[in-house]
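Each of the next two complexes has subunit A plus one more chain, namely subunit B in the first and subunit C in the second.
And then the complex of A and B:
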């Protein structure tokens, strides 16, 4: 992503050189403004920019402000009046075992998915990095779940993983007497969910890594081989550094997907078995807001979740991009 | 160097094996859609012999019309949302890419921030905004929320692409007397076709498959989308795999066809642009 962006910007820069960056870069613009009447400029803004911006402001920007504001109140539509409570919700949050559990669950899911889908995606991409219809067909096999709804994927895996599901039927036939309750055992269910999300995201990583592998020049590989580098050394010193942008895209995508995991939990376990063994932060926010009606408290949770998602994504993005540049 | 040749047969074999294992869950759905429920329990992995269309027919003739109404809603919501997002974000992306005003940069940063916001974080205020507009539990409301939420993604894609459209082309059209609106619709927008195709594909798949937003915004009383319909269907007959699989199969088919149809277009558009550029 960064590579193409830089490329485009570079070309643009060649074609229309920007005015020197001296703090008065708007000189040209000010001149144009003085010559042109204001009405058409505003008209153009209203016509081209305003419609999209209004929708964005109305349904994203204002709601973020409202979440921030609600988080400082005890808002509950069934228990008025709404009062300002300062940071009390946040204080309560960090002593709330259900929220802390959801926080840990979310981190567990995110780490498992990021590692497994990245690693598996890379291995499969290297396996499928050949020409021909055969490999093209296998590529679409891995990509199919990416196009499916996570609700559909959850239901498919439910049919496989419930206690009398197809997997356990098979295991019993193979002679396993007490096959595990993949979704009903409190110590297993969270990992089953992480596995399902991994299965869903694997094809995305495969495709991104394949695109990255296509950017590795053959001559470089061959030159390294002639110099006596074995397959492992060639991978570590030639291929892997060139896959840095693909790693960045995949990792950030997987982090965001893991952090907002909701659908699978809602469909498969409803947060259980037991209390909150598979509840994620997103699940907890929605439950608290729409089942518990504690809008103030859920907004504080949502704010923490947003800060975590944004913070971790930005830090990881920076770290991985610095790695891209240094190579 | 030698290992690559002596084990050449290993690669396709391992690749095929992994793909088969990976595909098993999807295979199980595909074969069981065409089997009577009794046969599914007896032999879940076998091929349907003889295949039956009873499961599919039952989805269409459900007394609650969960599938048919859901299908109509999904088509309406997805088609309108992606059309509006594509048009609005193309205009906004073009405007921002061409503007040199400081505010354009500020707006851009604001939009990029929006890309990272998970839906649950803003869902409760969104319902409040919709209620104040009188559009809670309506399709219009859901469409508007989709538009607002996905505009940043569209703008980002279009902005990158607008930079590859030569400014001289627009200036020439203006010199010939075309107004700003006409320049955009007749010169710029057609050149942005590959970007439009990507926006349509991505958003089409995302919005069709979306679960939480329609679940909350359309609510339990009014009709819902097919994706939420799948969720409702499993609540009713959890053990009847044939019925559930058939419902899922039919709910997925339209978006799969849409994806495959547009994907070709998308590739063609990209190469077409490359030749012209």
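And then the complex of A and C:
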């Protein structure tokens, strides 16, 4: 193959055919080649990237910028004019028991969801990691809650967990005289919400772990078995290390889901029973903005929430990725 | 290339609906009509069919208007209106949205005396002398609706006239194995737990000091003062004695109503709007009613007058919007429908309810009329609008606080202190 047939690689990295010799100097041709391909390629790139970029700027970056700006003001639509207050809102936040309570509630939900959905998802994935139509059907069943809206999920669970709901009717039939107030008992309601989110996210974890399990080479399992490793040892030394990427994906997704829990709280408890019992950070942001009318203060909450979610997610992601590499 | 970029940008802006000065409802609709958005809410009593028919009747009287109905995601229409307002989309006409805050910020158009001439209490809910919400109906809040069969089975022959008698009745019901009170407030319907407190505040605070909230705004009284704490203590005591079941706090408003119908409690303190629901869908027992009793048995009738439509000051045609709002609230058929479906007691001159109203509604109206005769009408706590009402958002906070009272998480004094704290935050 000649050099012409092979073509040459331009600055853009794309292979373009060498033009026929036109009698002009090589230096001139090289100069032309270096400049010409760049513009159309960049143009094409911009054409495809622009819609997404504009949408991202309009619906993500500008709102974040506006939130950051509002967080430095006392903006209240019912109490104009809006004044610049510097970092006062942030100072107030960390002495605000309602915000701190919401922060603790959010962390509790996030930890429960991350641990239970990860553990349960792995267990179910291992049980479903078999061939056959029955197991395929079961995978779909477990995944169904993931595709349902959180509001729909909450309404379903409300019908199950209210005092007259299916669960308590069943418990009464079984002789439990005073069944628990799953949503009305302040000491239980938060855990009920955490459970519902766990239930919804379980299917996601199952699918990710299943994909991970199916990527574990059979030869490794067989070699370990020949070396005398039992099922537990094979899981600990072969399967579990190979599932590291699946664990990373699940954990980060669960952390984000837990931190932004809102729909379930709004539908099931409205932050109650009582003051702040189940209020999460996202719920507190909305309540402060639209019930308390304190847009400036709620913007500061939202900004803190953004930093917290991003920070924790990045740290956890790095830690888990480091674990993937070391294994 | 540049042309392609410009094309894609223009297309994107068109698709996302972005444009300079876009005003969603400011454009006259086809045929020279003005389109006005109208925010309504749906409940078990006031369903979609009711609103559609009522809108059609008002529109027939006001040519040149096309109504775009907006429905709130739950009954908290004031909260939803705030969200829409924050996004710059306050609807042109709003049904039963508390005008507090909106009016002071200049977001609502006041009605003139001439426009209010057909209303019995034209200045009800006034803010600095101006009325921003049509005072089209009166509601008694709460009335205690009770299960006559459960009372009879517990050997109760008379309805209680004093608070002590109410406690005696509750004790007998409990001894007979019946939960005395059905109180809800689950899900997004936290507001539904307020009515026992609205009753005790009427008898223990407002009876003595009718302008108590105006004084609270002036700072001359506080929630932690003995009268209000006593009112809160009564609710806490009812729960502590087992007369209010905290498990009921998981029930939504609709589920709470159903729980009373299912006989899961003997007394249901609720707004007078329950009356027609009770008449229209009869449970398998008879329902009676009596007002929340005071300590000495003297009559106290907590009521709210208002609840009609408001008009946004930035509606595309404010005068036309007000004309439509008046047509909506003054229409005889609309009011008949409000009466029949929602137990409304219209406060419009010359209006008489349909003759075929049921016994529970008639008994409820009797309570109101007796209150007028006794001169025992007071405000209904947390329902007030206008001067002397809670600051915007505080009624929601109070409803959450009542859950703490019922579950025992807060004492009456702590609850009162919480309200003072929330008042300070809401008004800062």
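The rule is simple: the second predicted complex is superposed on the first by the 278 of 327 C-alpha atoms of A that agree within 3 Å, B and C clash if a C-alpha of one lies under 4 Å from a C-alpha of the other, contacts with A are read in each partner's own complex, and residues count from 1 in each chain.
Please note the rule applied: contacts are C-beta pairs under 8 Å (C-beta built on N, C-alpha and C of every residue); 3 or more make two chains touch, one makes a residue touch a chain.
Source: prediction; values computed, not measured.
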Please indicate which partner A:321 is in contact with in the superposed arrangement: first for subunit B, second for subunit C, both, or neither.
neither
Return first, second, both or neither, reflecting whether A:221 touches subunit B, subunit C, both chains, or no partner chain.
neither
Can A:47 be said to touch subunit B (first), subunit C (second), both, or neither?
both
Look at A:273 in the shared chain and tell me whether it touches subunit B only, subunit C only, both, or neither; answer first, second, both or neither.
second
Would you sort A:58 into first (subunit B), second (subunit C), both or neither based on which partner it touches?
both
Which one hits more subunit A residues, subunit B or subunit C?
B
For A:290, using the defined touch cut-off, is the partner it touches subunit B, subunit C, both, or neither? Pick first, second, both or neither.
both
A:158 contacts which: subunit B (first), subunit C (second), both, neither?
both
Subunit B versus subunit C as contact partner of A:82, first or second or both or neither:
neither
Overlap of subunit B and subunit C contacts on subunit A, residues 47, 51, 55, 58, 158, 266-267, 289-290, 295
Of all residues in subunit C, those that touch subunit A in their complex
1, 4-5, 8-9, 11-12, 16, 18, 79, 82-83, 85-86, 101-102, 104-105, 185-190, 245-252, 255, 259, 262, 264, 392-393, 396-397, 400-401, 403-404, 407, 409-410, 418, 425-426
Of all residues in subunit A, which touch subunit C in the complex?
39-40, 43, 46-47, 50-51, 54-55, 58, 77-80, 158, 161-165, 181-186, 266-277, 287, 289-295
Residues of subunit B defined as touching subunit A within the complex
1, 3-4, 11-12, 14-16, 18-19, 22-23, 25-26, 28-29, 44-45, 88-89, 91-92, 94-96, 100-102, 107, 110-111, 113-114, 116-126, 128-129, 144-145, 147-149, 151-152, 155, 160, 163-164, 166-167, 180-181, 184, 205, 208-212, 216, 227-228, 230-231, 234, 241, 244-245, 248, 251-252, 255-256, 259
Hey, which residues of subunit A end up touching subunit B in the complex?
4-5, 8-9, 11-12, 15-16, 25-26, 28-29, 44-45, 47-49, 51-53, 55-64, 66-67, 70, 124, 127-128, 130, 134-135, 138, 141-142, 144-145, 147-152, 155-160, 166, 169-170, 199, 202, 225, 231, 256, 259-260, 262-263, 266-267, 282, 285-286, 289-290, 295, 298-299, 302-303, 305-306, 309-310, 313
